[in-house]
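You will see chain A twice below: alongside chain B first, and alongside chain C after that.
Let's turn to the complex of A and B:
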């Protein structure tokens, strides 16, 4: 029993990272209709930035993550403007190819700058707690809390601010929103900025919990899309649920079956859910 | 139209000159070509290039001391090295080129199992002697080829010694986490378990991870619930480092044994020194200087001076090959009969110039399968460094018998 709870707890922490990545993807897809495959490598790059801020400049962990989130937001806006906006009205495959190209380019840059080895983002949270036989590492608690706080802030932003309302309007009907005076281009910037900021937070947290390495961005974005599909396209609560479910099923698969089956089981769970609910767990029918 | 006398004079002059020259050639040294097949570029070059360098260094030393004496002839050695790119097709081409075009009778090097296994499958039919180095695939020396010898033992030889060692430490049950899908590591575990069980121990778990895995907490959680006395980590350095790190993060306090062969720098990329404290690495000693004698230290210094970098730990497998060849040719009394030289090599004692620490089998360097056995060591991470603690209890004779039993 204790082992089961332990596996679930471990899975929740990695699931929180998947949630952050998945939410970034779902808002871009749901609001702007773009399948942002470069999201994973942006998240990784943000993690590398956090690493530099901590190791080279001695900036404390949370401040470094915050700063790299800002950098990520700016970067996301640049990507929207330079890479995706030009192909806005072209077939979706163009955007996909651009995203692939971006991924390869950024991965190559990271490889040149940081080398092929694993890089760990060091944090001062090394304490290990023991709660009723469950081993709880301080770092994983930090990951879960950070994710919760970020999600709360995002929810407040989207539901309580004017910009948030503009975003929701564009999501509902871009044309009507523009007619009502909403600057759809500005909304696109905000959405990309938000998405990248959350992604970078995910990258920094994964870098602290495990490690960063070139090539990890691809696997993260694939998991992110799994979360997106599992939770329902464009649904934020769905992405939260989807991310946690994916993380936990991976952990249980690796623990009870085999690590080689980790990805297989995770995607099998996704397929099974889609068989019974094709619109995703919380998607609109 | 030449005067007949001029013709005769010319011809006599030519004849005299020829006699003079052949006389001179007779007195000068002959050249013996040694072929090297190694990965000189690509991912295998980490192993292949140092081996090729070591061969060149050995050849220079031998030539400087007068060369190789085979019967009445003295030979200066000449290296012909080709790149097999750690690829089976390339390796086969390289060896064919050496045999057919360059007429080479002695081929050394062979750092990587892919091309080496390919060549080993046909070399018995060729009039050459093949000396294998770092390539670790066990089946290379189970094919019964009388002209193939290897200086590096298969990984499961180390596994067997490790199993005995861990049992001697009083461990009764152990959980294993490793790259168990890879034959090399699966064989290590097989041999480990054989000896460990013989000594009364039990392997209570067999968890695996992939080369790219970083989150080992599921496997560690499962292992933890079984309450083992110790942990055995077998596999590539990076995932192994994550296991060591996360075992500490999960509050697991148990002795950790491993087979990874990584440098301090490589582990510290992923784990802290405190997290690594006390971890054991049970592996071949290879070129670990504080476990070897003065020959090794001289080798390391010379290599560094000549090539401007530290000698790779497995490079002496190739250096020793050249001295084996020299001694075998001198013992056989001929350099032109590879069959005789191979037979002589099988009877050799360990050369005094050998850098690696070999364990003799019935007083000889190579056993019936042409396999040599280097010593294995127990290394422990102490305050940021791998420290040589002792040799592993390796039984070369027993393993040799086992290896012979695997022959097809």
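Let's turn to the complex of A and C:
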């Protein structure tokens, strides 16, 4: 029983990161209709930036994560402008192929710049608590609370600000929003900035909790899309639920079946959901 | 009429060259590359079937190639089938697996289909790496046999050398291209094109689109499986490394570079993706970066690929000559 609770808790922390990655994908897909496959590798690059800021410049963890989120936002905006904007009116699959190209490029650049070895983002949160026999590392608590705060901030931004209202308008009907005077191109920048910043936060947290290595970006983004498929396209509560389910099922699979097959289990969950509820758990029919 | 004639001339020249190639190419390494390129033609034709004709980008080609490669090798080494029998069984096994995995994944469209197939490729890769008792894990399987010699009309052919194997893969490449050409001209091919252009409309006129999509998916997987078997018995050593996601991306690149939805496009694209890394060997570390950049630039500036662009350029040139000469 205690082991089960332990595994679920560990899974929740991983699931929180998947949620962060998945939310970025959801808003880009839900609002702009782009399957931003390069999201994972952008998140990874952000993790590397945080690592450099901490190791080279001695910046404290949270400040480093914040700075790398800013850098990620700028980078996301650049990607939108340079790579996705030219194919805005082409068939949607072109944007996806561009995303694959971006992934290869950024992965190659990361490999060249940071080398093939794993790195871990250092944090000062190394305490380990023991609550009723369950081992709770301080880092996992930090990850969970960071995610909660970021999601709350994002929700406030989208629901309470004028820009947020513009974003929702474009999501509902791009044409009508443009006619009402919303600058859809500017909204695309904001959405990419927001999504990349959240992704980078996820990347830095993964780097702190597990490790960063070339190729991790792809597996992260696939988990992100699995979250999307699980939760339902464009649904933010769905992304949260999907992320947590994915994290927990992965952790249970690693604990009770085999850790080398944990990704297989995660994808099996995704495929089962597709079979029985193709619109996702929280998606609309 | 003129362009049909031109096409025929090109085709005859191409066939003549490909038949003569082992005589013309004196460097063994180039023949090795030619064989790899022809294997890639098989993969790219399969990828084109689902990506170019049907408009569903599958990122599982390399995974299915791995299934075919391991199926064929294991049938030889463990079951004791002859290489020829195993090579015939491999695409069938791959196709069966593709039926099972294709059904759920074809319930989703567009990007989601791409992502689900990508997940398949990852799963296949994980299984190949971890199911060591069967696949040998990362260390792989050694001593994959070449096909047994044949004797046709008193003429014995040994496949130990590169030359005979070249003709074998050439045959496979022609066979798959021919199948694609036949499909394209049949009703099935027209339905596949209709699905790419407007799936809702195709459904509205009463076509059960998922039958056709599943057919394209399964056949493309079978081609990949055949290519995998050809690859395994050619290289003689098998480990999971060539069946990762990046090779699936390579297959997509081959189709896009060559010209998706055309018959000659995948052929050109296959030769390009085998030749490019050789050219880029000086900058091996930059290979991924250059590849990615190529993919982006091609999609933005040459969305229809190299072959249609060359054809358009060529016919413009002919018009220019007619006017001025």
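We adopt the following convention: the second predicted complex is superposed on the first by the 285 of 285 C-alpha atoms of A that agree within 3 Å, B and C clash if a C-alpha of one lies under 4 Å from a C-alpha of the other, contacts with A are read in each partner's own complex, and residues count from 1 in each chain.
Basically, a residue touches a chain if its C-beta (ideal position, glycine included) is under 8 Å from a C-beta of that chain, and two chains touch if they have at least 3 such contacts.
Here the structure is a predicted model, which is why all the values come from computation and not from measurement.
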{"item": "Clash-or-fit label for the pair chain B, chain C on chain A", "value": "fit"}
{"item": "Which of chain B and chain C A:120 touches, first, second, both or neither", "value": "first"}
{"item": "For chain A as apex, the angle formed with chain B and chain C - C-alpha centres, to the nearest 10 degrees", "value": "60"}
{"item": "Contacts of A:90 with chain B and chain C, given as first, second, both or neither", "value": "second"}
{"item": "Per-residue touch tally on chain A - higher for chain B or for chain C", "value": "C"}
{"item": "Which of chain B and chain C A:3 touches, first, second, both or neither", "value": "first"}
{"item": "Which superposed partner A:260 touches (first chain B, second chain C, both, neither)", "value": "both"}
{"item": "First, second, both or neither for A:111, with chain B first and chain C second", "value": "second"}
{"item": "Which superposed partner A:226 touches (first chain B, second chain C, both, neither)", "value": "second"}
{"item": "First (chain B), second (chain C), both or neither touched by A:157", "value": "neither"}
{"item": "Smallest distance from any CA atom of chain C to any CA atom of chain B, in Å, after fitting", "value": "5"}
{"item": "On chain A, the residue positions that both chain B and chain C contact, one per complex", "value": "258, 260"}
{"item": "Complex contact set, residues of chain C against chain A", "value": "55, 57, 104-105, 107-108, 110-112, 114-116, 118-120, 122-123, 126-127, 129-130, 245-246, 249, 252, 256, 285-289, 291-296, 299-300, 303"}
{"item": "Chain B-facing residues of chain A, complex", "value": "2-3, 6-7, 10-11, 14, 117-120, 126, 128, 130, 135, 137, 139, 210-211, 250-256, 258-260, 262"}
{"item": "Contact set on chain B toward chain A in their complex", "value": "181, 207-210, 213-215, 217-219, 221-222, 224-225, 238, 241-242, 249-251, 269-270"}
{"item": "Residues of chain A touching chain C in the complex", "value": "29, 35, 37, 83, 86-87, 90-94, 96-98, 100-109, 111-112, 218-219, 222, 225-226, 229, 258, 260-261, 263-264, 267, 270-271, 274-275, 278"}
